[in-house]
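Structure below; questions to follow.
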């Protein structure tokens, strides 16, 4: 009976994925992609992965969603109500050069179909490796936390998590490399909307508190640094949209500190462990729980700062004078 | 009771599928915004029922996360289109 | 595996560059370059110390967090990893010095690209992490670090050509790593472990294993620009800044090759067939011919060098068919394994030195001329003697003339080819060399030709020319410790256990 | 136990009915503003009933508080966005008319 | 048919849709969406296999890997978005001009 839910969800996910790629207009694509994210989040829940569902909701749907929406500002045909523009968009669809696309298109379809068949057979016949559930269960008491996913993320595989915090910072540096560093600029426009201001006033503390709550319960249940970080990052994005860019309001060194403290603190702690004769990220068992909570907090602050900065930089990337001149 | 929950969930999922139709047809940008909202509200209902069905109260946290970010999304959205309109009078 | 001696070096090799990169973010542009350069020197020094540690103590490991695999992650520095790390250190050292001087020379007009330094240090950490990693998922994270850094560096110039090339590169890189990760998911599902060593022991042949092998190999071939997935490489490498082009072609693409080598040798032994080896060899052979031919047809220096990378990477793919033994052949009788290995490692090192030197020289020529169309190279010898010398030496190594490292690689490869009886690869090696000779001599002919007009060359810093020359000389000097290096490589467990797992209990190497 | 379950069932069925009404409204109503009206009112009511039903079913004060907040937030989000979307559309209409007139 | 099998099969389909999207879509944004769909497929494989291997709780290792993977994928997507927007601003192009 409950299989029905899974089947509908599966069909919905595939349909949404296909439609988001086939939709003729970009806005449609992006909205269908959100819907796809929602379907996936429900699938994670059906599969018992509540942590993943929160992360998907927070980062993949929430944060990336806002980035996509912001990007639509550039891309969708200017003044979408204008008819000639609409027609231009429709004419740009591949239908008017179908002949040249027919052969490679068919070859692609054929190849993909074949690949799909092999892939389906491969996942159908997958042997049961047993996973690492038992190993994680056995070592969980030594990890300093009670929630297995947090134990894996922050202790058993802390190295991956540390590198991942690095990847987010790196994403920000990469965005800087493309668009110049624009997070320190004063706001271009401030919103005058009274309702919006009320919403921001109300939601800033709610986001903060709920983020802190998620961070704290990460020790015992689904939640943790990444989910909390996105909620905190949402504060920065809200403030930016409300005309108060965070990084332009605080001293530069503080901004830099916020961005790097997660990565840096984690690493320096690791180096201290090495100096003490242990290995990188080998917490002393007696203090593992406390240390993990501190590391998580620092990580959450840094990730939140980085997400805010990525959004702020992307949002202002194409405004004002270009710091990188194009000569090509 | 579980069977009933499953029926409710399936029913709500079908509701979403129907709502997709509107995203597909448009015709205005605002229509698409609207349907995202439909997704949000219905998805929230599904999450609540799932929380009872799976007896997993942590799903409520997922729902709150979704909720809070949905608000962000809406604000971002309108802000974006408002600015866009201002740019191209 | 976990009873090997423990050492802090593997952790430091990843941690130090990231710490310094993070630190450099706090400073203004000018100081950032200084901190970055210091960081590069420290990292290079640390890498060399770690290399000597491995030569003394053999393979060392670092069990992260004290959690042993399969639950935890283990860093392993064996001789193969040590050689790659040392190569990165030496090449990276010269490129760092070059970059510092190069950006300073242009700081007034371009702002000196301060973001180069943190990105390059992150890239270095990613490369070290990749060479040390012994875990399938951790490898994914490191190739993502490398991929993002590489693309960010490639678009640093901000020119539209570079941006287009960068986006193409990035999309290819994401697709490649997602394909890789799909294979990892299936492997984890079928075995319950991500550790390379354990995986090699428990993996069994079957549809799922074969499919994982397929998607992982395809994903990594996209990342290393193996034919027919090379489309992103020439535009990305040719449009980047000179030090970045050198980094991308000398080091970044080698990362994916390294994973491919490890996985094929250590993990997938059970499911690799003779035919699969032949197929990947064929891709390499086509890359050698096609890339060389394309290089021959280009009219700008950097595009020639970039297409030449496609060809030189093709040689790396050509060692795979020789390492897969035909049914009925035992490792005892397969004496060609050793020269083939050597060929692969030497090709990686020789290409790293030669190509880095080539790109750095091309950067100088652009600095002098303002562009890199080859018809303007006339009388290069008269104007930039040292650069012309660097290009000649690096070119000779690319062709594979004795006594260069490139010669060593191709000679060993031919030796392996004839000993294994797979003679059909030999004409490809020779034709590739011939075509390479074609475009290198075309360049040299222009460089030695008398000038038509005078004064088109602006002066460039001598120190930069010398750095490029030193790298070119490096591609010759690596031949000197050949015997020692081969012995060192063969002392590694990889060679023993990897080949063993291919043969399911056959004996090779130390046994 | 039985009474609790019966209440839950009734509340959920009523909730579902409102969701259906909202969806049909979105599909059938002719213009954006009435669609907006139908959706926001009906779906929020539907969610309210479902939330109440689940709060009764789970029967824990902490969970009930959370469920109440979820409902409240959704209400807030959807009324905010309803207002913003409506205003957005109004401005669009306005600017379009102005342009055509001028 | 087990629950996890429905989702592993779905994951393979999503993965292939993603690959097709990267090649066949023209617009930069759609290519980026396609990479995310491809990623969604991969993560679904991990999570569904974790459900198969559940004892007292589902296998936590794939969950942790997927959380890491999602974050990494989003960071790459943000970078790709930055490149796409910059290209659009400088040239007005929304897709690669020479078809690959």
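Which chain is which? They are A, B, C, D and E, in the order written, and residues in each are numbered from 1.
Methods note: a residue touches a chain if its C-beta (ideal position, glycine included) is under 8 Å from a C-beta of that chain, and two chains touch if they have at least 3 such contacts.
Computed from a predicted structure; not experimentally measured.
Common neighbours of chain C and chain D, listed by label, are A. Looking at contact counts per chain pair, the maximum sits at A-E. Among the other chains, C has the CA centre that is most remote from the centre of chain B.
Taking each chain's centre as the mean of its C-alpha atoms, chain D lies 31 Å from chain E. As a whole-number value, the distance joining the C-alpha centres of chain A and chain E reads 12 Å.
Averaged C-alpha coordinates give centres for chain B and chain D that are 10 Å from one another. With centres set at the average Cα position, the gap from chain B to chain C is 47 Å.
Looking at chain D, one finds that residues 76, 80, 84, 92 touch two or more other chains. Listed for chain B are residues 35, 61, 64, 68, 71, 75, 77, 81, 85, each touching two or more other chains.
Counting partner chains per residue, chain E shows two or more touched chains at residues 15, 18-19, 45, 49, 52-53, 61-62, 65, 68, 72-73, 75-77, 79, 83-84, 86, 90. Every pair of chains that touch is listed here: A-B, A-C, A-D, A-E, B-D, C-E.
The touching residues of chain A, counted against chain B in their complex, run 1-2, 4-5, 8-9, 12, 15-16, 19, 23, 27-28, 31-32, 34-35, 38, 41-42, 45-46, 48, 50, 53-54, 57-58, 61-63, 65-66, 69-70, 72-73, 78-80, 189, 191, 196, 199-200, 203, 206-207, 210, 214, 217, 221-223, 227, 230-231, 234, 237-238, 241. Listing the residues of chain A that touch chain D in their complex gives 81, 195-196, 199, 202. On the chain A side of its complex with chain C, the touching residues are 118-119, 121-123, 125-132, 135-136, 139, 152, 155-160, 163-164, 166-167, 169-171, 173-174, 176-178, 253, 256, 259-260, 263-264, 267-268, 270-271, 274, 278-283, 324-328. Residues 2-3, 6, 9-10, 13-14, 16-17, 20, 23-24, 26, 29, 32, 35-36, 39, 43, 46-47, 50, 54, 56, 58-59, 61-62, 64-66, 68-69, 71-73, 75-77, 79-81, 83-85, 88 of chain B touch chain A in their complex. Per the touch definition, chain B reaches chain D in the complex via residues 1, 4, 8, 11-12, 15, 18-19, 21-22, 28, 30-31, 33-35, 37-38, 40-42, 44-45, 48-49, 51-52, 57, 60-61, 63-64, 67-68, 70-71, 74-75, 77-78, 81-82, 85, 89.
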